[in-house]
Amino acid sequence: MTARLLLNIMQVLVVMLFSPLLKGVISRLKAIIQSKRGPSIWQPYYDLYKLFRKDEVISTDASWIFRAAPLVSFAVPLLVTLLIPVLTGFPLTWAFMGDMLGGGFILSLGGFFATLAAMDTASPYGQMGSSRTRMVSFLAEPVLMCVFFVVSLVAGATIPYIVNHAWYMGGKSVIYPSHVLVVIAFFMVILAETGRIPVDNPDGHFELAMIDESKSLEYSGKGFALIKWGGYMKLFVLMTIFMNVLVTPWGLATAVTAPALTLAVLSLLLKMLAGAVLIVIIESTLAKLRLFRVAEFLGMAFVISLLGLITYFIGV
Amino acid sequence: MTGQTWLLIMTAVSLLGALLMAVVTGGRAAVVVSMGAAVLASLFGLAGAVTLALAGSGVFLAAAVLPPLGTLLLRPDGLSLLFFVLTMLIWLFISIFSLDYLQKFIPRYNVRGFGALYNILFLALAVTTLAGDLVTFLIAWEVMTALSYLLIVFEHRNPETTKAGFFMLVMSETGSVLLIAAFIMLRIHTGHFDFAGIAAAAASLPAAVKNAVFILALLGFGVKVGIVPLYGWFPPAYAAAPANVAAVLSGVTLSLGVYGLCRVILDLPGAAPLWWGLVLLVLGALTAILGILYALMEQNLKRMLSLSSVENTGLILVGLGAAMVYRTGGLYVLAALAAITALYHTINHAVYKTLLFLGAGAVEFATGRQDMDGLGGLSRTMPYTTLFFLVGSLSIAALPPFNGFVSEWLTLQTLLLSFHLPDVLPRVVMAAAGVILALTAALAITCFVKACGTTFLGRARRPEAARAREAGPCMKLGMALPAVACLLLGVLPTLVIPRLNGPASILAGGTAAQQMVPAVFSQPEKFKDLVMLGGGFLRGILPAPGAVVVPTDPGFSSISPTYLLVALPLMLLLGAALARIFGGRTVQEKGPVWAGGEERFDPAQQYTGTAYSNPVLVLFGSIYRPRVDLVRHYHAQNNFRLATGYQRQIYSPAERYLYRPAVWLLYKGAGLLSWIQSGRVNQYVAYMLLLLAGALIYAVW
Amino acid sequence: MLYATALKLLGVLGALLLLETLFMLAVRQMRGIIRLYAIHSLLLAISAAVVGYVTGMYHLYLVAGLTLLFKVLAIPYSLERVIHDTILEKREIHFVFGVPGSLLIGGLLCLLAYFTSIRLVYPGDTLARLLLSVGAAVALLGLFIMVGRQEAVPQISGLLIMENGVILIAVVTAFGLPLIAEFGLFLDVLVGALLLGVLVMRLQRHNETTAVGMLRRLKG
Amino acid sequence: MAELILLMPLAASGISICTDKFLAGLTALVQALTLAFSLVLAWRVAQYGPLNYGWFYIDAVGALFLLTVAVVSCTAAIYSAGYVRSAHDGAPITGASLRRYYVQFNLFTFAMLLIPLLGNLGLVWIALELTTLTSVFLVGFEYTGRATEAAWKYLIISFVGAMLGLWGLVLLYYCTVHAPAAYQGLEWAHLYRLAGSLNPQTMKIVLLLCLIGYGTRAGLAPMHTWLPDAHGEAPSPVSALLSGAKTTVSFYVVLRFYFIAVRSLGATAQHLMLFFGLLSVLIAAAFILQQQDYKRMLAYSTVEHMGIAGLGAAFGTPLAIYGMLFHLFNHAVTKSNLFYAAGNVLLKYRTREILRVKGLLKSLPLTGVVFLVAVLAIAGLPPSGIFVSELTVLTAGFRTYPGAAVALLALLAVVFFGLVRSMYQMVFGPPGGDVPEMGISNWNNLAMALSLLLIILPGLIALPLLHPLLNAAAAVFAGR
């Protein structure tokens, strides 16, 4: 039991530590593809450190919600980390606290506070960003539900560990047509939820065109650092679920031994690298969509996931 | 003391509270006496319910003879008592709140009348839940409708209010007419009005009668709970009613509508054909999505909240529909799971919607406004109200660790478990319902972010909002209690679900609490899957069988809000600690927000609620189909055009395609007959001649 | 012999009654209508007396006497007294159906009365066979007068004619009502006619017209 | 006892000719005593069975209707005491007018009390005529063109009805003459006993004539045409009497004939009644919906309730008959109360237009509350006797004639819509500045309060005398 508890903590630490790295790698890769040199892959760590040491300026209109939101944004991905297989193929202590559906609700909690806090400063840009973020979120939700349906049908569970286990052991279902479709849809949702191109440009700095970033426009110092870190972790966690649960359920530790765990960390990093490459390719080849075209993008995702569901029902 | 005694005292206190209104002078005294009586009565009622529940279900309370309809019975079973307790609880919250809230009416309206009606309404509600036969239920139901009508139109000097009340009354009565038809059909074909007799004879009901009863009862109760084409009275009536009455409507009478549905279409007729459940599922999903979509378009707090009640009705209906489908399929455990889910959600909705309406009432009390676009910035002047409203919003948005999360998660799990069903059709329907509910949940978050954000955050848009003062102590207490209840219901589902097991078994024909709340702590070997997941963690510290909720199969899914409540603060602390460790001590400064280059930030620069929900309008425009009118303003004297503008109006499809044509048809039809009374005496005599001639011919034919 | 003659007489009286009723459909003068009613009642009284003679029901003589007293004398007299001369001098110009139309409909009503009444007659009931349909026809025609006439006085007379028809039915089928009922009936008609007369005066005073068919303030 | 009940209003009427002092109080007292005696009589009937002596024949049905009439007469007399004090735009009625009012008032109640006491249908016919003759100038009491027009229509149409009723009566007698049974006469109890042996073809026409003829007085459509006019134009206490008592006793007479016919004709009779009942409710619903005048609206509601009673009679089961009789009682009490409230409104606002009356709750609090409660009650909301009796009738109807019962239910919803729509516009809102200052006499309020009790109580508890009587009466008509 103690070992598992420690492993759980270790998973949390892995997510905390490596999530800025994922962001750094993506930025660097993107720069390379665009024939630039780009910042160091450690740049996000420097940013965070710098921000943590800065003083904060807060809008006179802001209330405690504004100050609480960064903490929530930071805590929520970590909470989800407790539920998913990051390193181990066997369940860890806190895994019973929520399944994928519950995890979805928990992530929503972060979104709720982030969007609410954006309205707290009275700045219209924050409020605008909040409204747009909500739009992306509610469009993504039915897709997620479809995904959960297919996963629960194919794997017979919605608990990430058990899903992972089912596919790892069975091996068969990864190549189910419905599964493939659902994987694509889920990936599109990840892009939308984490504010990547083609839904949103994470590197853009034009207020009127921003969706996700404009929520945190009014933040500075520690709060901003926590929000940024939370954002990195959210991407990392979602990618972990994507990789470890849905696409590549292999390479996780099956025993509590140091080599197995090291191997698991390495394989995770490898998977993340693959994910980063995928994201970078998409971000470099596609353009950002107009705001209301996002609905079409997510609509496409929905149709794909629905197709997955239908293919399952008709038994292909 | 026995339960009967407690309930007698409750009745006496409540009646006294009503009767004293005839004697007391002065508004303040009237408020204190009547609401004090209501508080006491609900406490006595709670005591009575607890005593009765401990004594076991099927208690006989009282009977009266009302010829020729037969005996009127008060004989609650587990389901009745559950709703009785819920009523008492909500009543307690609202009455405490009203002690302060009603003060606002004192100089202008007759609060003594309010006090009297309020206390009698309480009795009607109590009798509705405790009734043991259809006539008692119907009488109490109708009295409840009439009294809630009178309370809705309490501010009767406003024509809008009385019009809204009329709308409500007519729709409710139309529903009651359908109910009467359903009840009479049950009576005729079973020979009984009492629940026990009907349930016993239900097996012999012809299928056609059962179907008719189902449809009639669904539509009849549908008016009260607001299923999709019948919710039309919700927005105007809730907006017109005083906030505490709106809370009663949403927290209590809507719940009693759910009770009626449970009773008449799940309990009494027994086995149901598959399509009943499917109808409920489809209707529920539609109700949920349309309800929240229309809620998003509202800028008036109370109208928005009422439409969000429609959404929640949809969720409850989906739960009930799932229970029905599972029951028909013989999956009694799953049916019980679905029934527990629906009941749980009913309770949750009652609690958080009460909280939200009371919050809206506090805002109205402080600012006199209900429109979000005129409010803002209340978080600084009304911090407690803001906190409570936020709790309510988190609950209704189904976010952990509050109560909405548990029941909504359970609802979706119930739908996910549809793979146990052998048929494809119900599985497809349930999957579709699940997808729609997911969208609904996300839209609900949007809706309440908007409501909280525009009302309480940012900067005050109108002077009234800037001048607001925090609510009084009773109002605060009245909101704090349901807020605490939201949290408790959210983090201790393992204590709630076993209580719902009995009532749910009445609806589902099976039980599920055993599976849903496994006793991991006491029998870990029996729940290996769960223990493998870590379910036995922190054994013995938490006061629950296992503090884990499992929709029947621990290998499929589980949640534990109780543990989440432990883990969430840990993570928050972790974040705070990291910030402190890495950053050391830093300073927080206050600064004005950037005004876009202007010298001073004008509150009108902020986003309004309308703007906030505009993406929804754009995306779902084909559903809203807003009508855009060109409005030209002219100078009164010389026809000089002052301004041209666009006015966008959204009519609900129910209003456009159902109510208006219905009323038009009614008047058209009546107009067609108006020649009958033309005023000509010759014509009148001619009727008699023609009738006579006809009679003669008919008689000798 | 005498019985057969009496029956023949009754047949003639019935025919006369019908004829006069039809005639009243076309009369325009108010005073003329009232006088025609008196004659109508006289014929009824004679019929009642003859029926009394034929059947040996002697209280029908009383009916005849009461008819004579009330309907031939009292009602026409008091109506003429109660209703002002200005009203009685009037002529009714506009009928609802016009004279030919009224007569046509009247004829149809007579046919209807005949075909329906004849089925009600018990076999062997010669009297009823002879006069039941006449009574019904008179009642129907009386009602039709009320439908077709817009002035107050013709409407009253239509009502009274109708009542005569019903009395005739009573006489031939039931040989009159119990005495007390009979008495009450006659008083009722008398008082009713008087009240109607008073109302006509009031109509003239408050509404400046006695064309009751045109009064249309109360509708809907 | 029966003589005493009849003598007192007659005597009061006689006194009214001579003096105009204390008339209001005297009449109220006399009517209260009449009510008391009626209660005693009804109790005796309920206890020991029908009374039969002289011209009187009082069974449970008669006692029930006697009680109904006496109750309404009593409250109307109390209300009149207030009404005559401020009838004409605040000025009291005095002198000859007052005498005339009370002479007719007492005579009218006498005639109505007479009907349920008599056993001979011929005499009943005369008594029914008497009610019309004594009330016609009460209808035209206001001395206006409209009132006279209403009185004219009332009298003419009632007379036509009376003639048709007489025709039916005569043919009924003709029937008995030729029936095998050795009875000739119009005693109801005998006729009812031997109804089975009467010639069905003749009985069919008798029934139709009686339905049309007596139905005219009872306000069944399409012979109801006089009713809105008379109820609308009469002084309010008289409207209450007309609507609460006169239509009720007239319906009682219809019932006497109808149940003879049912024994002879069976389902045919029920179908005919069904036709008139449903037509009444339908037409009333249509006119209630588009009514501009609140007194006329109440009058149409009377037509509707007579239709409901007709449907109850048509449904024909013992339960339906019970419900129908109960409904007639409830309707009488409720409708008379509504006319009292409407009378107060008329006294205060001096208009009968619904749209010009606003804010009753503010300007006349008690009247406003009573009007609100009574309209909701008459529209069928509990706790009220109307609710119970309507539910009873419907329950019976769903068994025997489901189609008609469903139609009735739908029309009830329409009526509810119409009534409440007018009610809320009158009761709520700001009263407006031009309402004259005008107090309402305590007599008026007393009458309203008394009958309000009778509206609500039967919906909550089983009333002691009423329900045994209803049971016995239903047993009489159900033929057991």
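For reference, chains read A, B, C and D in written order, and residue numbers begin at 1 within each chain.
Convention: a contact is a pair of C-beta atoms (placed from the backbone, for glycine too) under 8 Å apart; a residue touches a chain by one contact, two chains touch by 3 or more.
Treat the numbers as computed from the prediction; the structure is a model and nothing was measured.
Averaging C-alpha coordinates per chain and comparing to chain B, the farthest chain turns out to be C. Pairwise, the chains sharing the most contacting C-beta pairs are A-B.
Inter-chain spacing, taken between the CA centroids of chain C and chain D, is 31 Å. Inter-chain spacing, taken between the CA centroids of chain B and chain C, is 70 Å. Averaging C-alpha coordinates per chain places the centre of chain B 44 Å away from that of chain D. Centroids built from CA atoms put chain D at 78 Å from chain A. Chain contacts: chain D has residues 152-153, 156, 160, 201, 205, 228, 287, 290 touching two or more partner chains.
Along chain C, residues 116, 119-120, 143, 146, 155, 212, 215, 217-218, 220 each make contact with two or more other chains.
In chain A, no residue touches two or more other chains. Chain pairs that touch one another, listed by label: A-B, B-C, B-D, C-D.
The touching residues of chain D, counted against chain B in their complex, run 152-153, 156-157, 160-161, 164, 201, 204-205, 208-209, 212, 216, 222-223, 225-226, 228, 282-283, 285-287, 289-290, 319, 322-323, 326, 359, 361-362, 372, 376, 379, 381-383, 387-388, 391-392, 394-395, 398-399, 405-406, 409-410, 412-414, 416-417, 420-421, 424-425, 427-430, 459-462, 467, 470-471. Listing the residues of chain B that touch chain A in their complex gives 376-377, 379-380, 383, 386, 390, 394, 397-400, 405, 408-409, 412-413, 416, 419, 424, 427-428, 431, 434-439, 441-443, 445-446, 449-450, 452-454, 456-459, 530, 532-535, 537, 548, 554-560, 563-564, 567-568, 571-572, 574-576, 578-579, 582-584, 586-594, 596, 601, 603, 605-607, 611-616, 618-619.
Per the touch definition, chain C reaches chain D in the complex via residues 116, 119-120, 122, 125, 128, 139, 142-143, 146, 152, 155, 159, 162-163, 166, 169-170, 173-174, 177-178, 180-181, 184-185, 188, 191-192, 195-196, 199, 202-203, 206-207, 212, 215, 217-218, 220.
Looking at the complex, you find that chain B touches chain C at residues 674, 677-682, 685-686, 688-689, 692-693, 696-697, 699-700. Across the interface of their complex, chain D is touched by residues 64-69, 135, 138-139, 142-143, 145-146, 150, 153, 156-157, 159, 161-162, 165-166, 169-170, 173-174, 177, 180-181, 184-185, 187-188, 666-667, 669-674, 676-677, 681, 684-685, 687-688, 691-692, 695-696, 698-700 of chain B.
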